[in-house]
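Following this line, the structures themselves.
What follows is a pair of complexes built around chain A, which joins chain B in one and chain C in the other.
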Partner chain A sequence: MTFTIPIENGNEVKNAEADSQRTLYPYVTGTSVVAIKYKDGILMASDMGGSYGSTLRYKNIERMKAIGKHSLLGASGEISDFQEILRYLDELVLNDNMWDDGNSLGPKEVHNYLTRVMYNRRNKFNPLWNTLVLGGVKNGEKYLGMVSMIGVSFEDNHVATGFGNHLARPILRDEWREDLSFEDGVKLLEKCMRVLLYRDRSAINKLQIAKMTEEGVTVSEPYSLKTFWEFSAFTNPTVGAEGSW
Partner chain B sequence: MFRNQYDTDVTTWSPTGRLFQVEYAMEAVKQGSAAIGLRSRTHVVLACVNKAQSELSSHQRKIFKVDDHIGVAIAGLTADGRVLSRYMRSESINHAFTYESPLPVGRLVVHLADKAQVCTQRSWKRPYGVGLLVGGLDESGAHLYYNCPSGNYFEYQAFAIGSRSQAAKTYLERRFESFGDSSKEDLIKDAILAVRETLQGETLKSSLCTVAVLGVGEPFNFLDQETIQKVIDTFEKVAEEEEGEGGEGEAEAAAAPPAAEQGDQDVAPMEM
Partner chain C sequence: MDLNLDAPHSMGTTIIGVTYNGGVILGADSRTSTGMYVANRASDKITQLTDNVYVCRSGSAADSQVVSDYVRYFLHQHTIQLGQPATVKVSANLIRMLAYNNKNMLQTGLIVGGWDKYEGGKIYGIPLGGTVVEQPFAIGGSGSSYLYGFFDQAWKENMTKEEAEQLVVKAVSLAIARDGASGGVVRTVIINSEGVTRNFYPGDKLQLWHEELEPQNSLLDILNAAGPEPMAM
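And now, the complex of A and B:
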């Protein structure tokens, strides 16, 4: 799989065969994931859509998965790369369990492992085209972090990917607080997901919310948000802006 | 142990099912100067006797920090011990880099044991001639392990290896049941007392021993000579009083504390 991109006179000479072996662009993509810390742990929300360019092609993709006993992984971006990451993590968790020694991988360890994987792939010009959200609870300590496809990684009380960064995080910055109850947390996430549904063209109205606490992970059944389209601005969109549509 | 026709290389079994080269490697451990380890639920103490080639040279380093939460004491071929310590440090650092989390000591000793086993099954290698007392922390608390040249490893509450370690082991066997709940200070005292047992008559001085501690919330660190000397001073007095009583039997355990207290009142502690 190793190759060189020969540089001649400062112009890159593209090696077509080598290019077919590395990621150039994403094909089937998932849109935003939004996650927050709340009183008992982590809440994460994502829709179930997989877009093929501008077509909303797949509508039953689970973009959040439990990892081991203590972690929850949500992904946006290329779905096949997400599946590859799940295979890496499967092997990681398997080896951890095989030790059978009372030590187990917590969310911090999984997050750092993923950061290493993503960064190393980026360095080889063959990235896994995902932005990952990693949340978990271990020994009472809540953990929520993010890794991007270029290996940028950090922790925070609330994280989002893609459009969620622009639409959801401002809401969370204003309205998130320490010790949110489960109901309040879900309401907050639904508020964010509703805005994303209205404004992100790759969002679909079928979402799941996952809850991670000391007891474990539960991913809800898919459901839809109630939307309202009778805003006067929607019924008469060009009022006050002649010539627009 | 006598020379025989099955002891030339490590990959030759004897008819009685022994690998003599491996057993000879374990002999090398017994010849090294003593190393002692003990643990409570939260702390591990490693101690060793300092041996110097001659009066002119400094003593060999036998206790190594592997990470903030893991330390190792060695007995036997110290060169082999140094190489294995470097391997342990490397494993520990690689784990911490990838997972941002300390390597559980139980997993490190398994890597170490597997490495030692390889040398018992290759005709072009020889076993490592060093025994390692590995003390460290993992999620379930403090642990002490002994890694053998044979590739075996065992977990211990307390253990001693090297020359005259049997004397220390006898002392530890009498006391180990109370170690689980011991305070750090008591654990250190027991470690130094165990070292004293291996000296068999030689006066215990702080220059003769090295002591290191690690525990939950306390990174691996060496005790300085002053601290060690202070601990020695607390019981050297008691030892003198005990000899006065003339007791070395079971009754001594009950008799010694009250006798010691009376003795202490006669001699002002400040004068020691």
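And now, the complex of A and C:
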């Protein structure tokens, strides 16, 4: 994390980054977030882990938060930067409410704001080390978008961050439909989260699923998924070939 | 062997903060090292911020000291303006502010613990990067690597003050046994509605672990105690 640089008198000195205008490295990170549009709105899932390098250090971090009345923000990447983004959004929502004009920030506006923040930080070589998923429903219109730490931003019917891009999106491309019911949506997300649990080293078995509809946001209580290990190839891997692996 | 006496002072450290059914217990070892040399074998890593909030410091000794100093100063002013004791949450957030905004320069992990009348006993972990995480218990420092499994097994909610302190002392002692960067004595600080109590546990008051022997004054005592022909097989 720190690196040595030689100084004039020949002694090497350990020196952390003194210049704040430089690309950083993440310390406490969250892994994938997966989200889909469904019949009544948006469903989003993420686990509650905060990794510190390879250590699964924190197991109770909420990586999805409601923003205003119409949006849901999920984040992967550096948790301290996510906490800072929540502070920025708090201020944004506060100022929006202070106008007291009956209007309230919708998901499109929040997504746009986040895109500007992330892209401008990237341009200064001082990124917020997150990939954000922004979902919401306003006036019956469903919205689901993503912003990365380099400012890449887009909308889609289903999005995922990190490992989710490689493991969950192929499943979603195959099995997502326009009018998924809540139950089918949850089952689909759980299918994705289970694969991530099997195959992502930084995943933990404690997740939350959040639902965003016209009525508002609900984030579920934390829960765990059952996993299956009883394939005969797993229980007896070397049968018929003793000594192999 | 290069002792590297010019290396920055770092507290390898084991630090712990634990809530119990009336407040919090903070615990730490006492070793400050400069490279391979132990610069201070009896440091106090549990530092006071206010009457009711303390912080356990780990990582760079200098960084953690200067952050504590700033936050103590801010909290002092905040207490005057507020007219009542600062809350643990405010203390944690002030530390976060410094830790996050200077994340490029600081290398210190902190555990804030205290008691206030609104939330009772609370522990906040603030690792590198400036994330704030409220936890029922927190461990930090290089010695904490050896304690994740221990706490997964031994931690329970709503312990009594005595149980919680025993747990903290045992844990720091176990970490000292395996982490070269932790050592010395075990210090604890208990904070609850009644106030603050500091405790001190020197090595000889602690339980012996695997392959550790009872300390003796001299070999001569062993030889004399064992009888006339102790060296005969």
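The rule is short, and it goes like this: the second predicted complex is superposed on the first by the 211 of 245 C-alpha atoms of A that agree within 3 Å, B and C clash if a C-alpha of one lies under 4 Å from a C-alpha of the other, contacts with A are read in each partner's own complex, and residues count from 1 in each chain.
As a convention for this text, a contact is a pair of C-beta atoms (placed from the backbone, for glycine too) under 8 Å apart; a residue touches a chain by one contact, two chains touch by 3 or more.
These figures come from a predicted structure and were not determined experimentally.
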Which superposed partner A:Asn205 touches (first chain B, second chain C, both, neither): neither
Could you tell me if A:Asn165 is touching chain B, chain C, both of them or neither one (first, second, both, neither)? neither
Please indicate which partner A:Asn157 is in contact with in the superposed arrangement: first for chain B, second for chain C, both, or neither. neither
On the A-aligned overlay, A:Pro26 touches which partner chain: chain B = first, chain C = second, or both, or neither? second
Mind working out whether A:Thr213 is in touch with chain B, chain C, both or neither, as first, second, both or neither? neither
By residue count, which of the two partners contacts chain A more extensively, chain B or chain C? C
Residue overlap on chain A between the chain B contact set and the chain C contact set? none
Would you tell me which residues of chain A are touching chain C in their complex? 1-2, 11, 14, 16-20, 22, 24, 26-28, 50, 52, 55, 57-58, 60-61, 78-80, 83-84
Can you tell me which positions in chain B touch chain A when the two form their complex? 97-101, 104, 106-107, 138-140
Any idea which chain A residues touch chain B in the complex? 99, 101-106, 108-109, 111-113, 116
Name, in rising order, each residue of chain C that touches chain A in their complex. 6-8, 96, 100, 103-107, 125, 127-133, 135, 145, 148
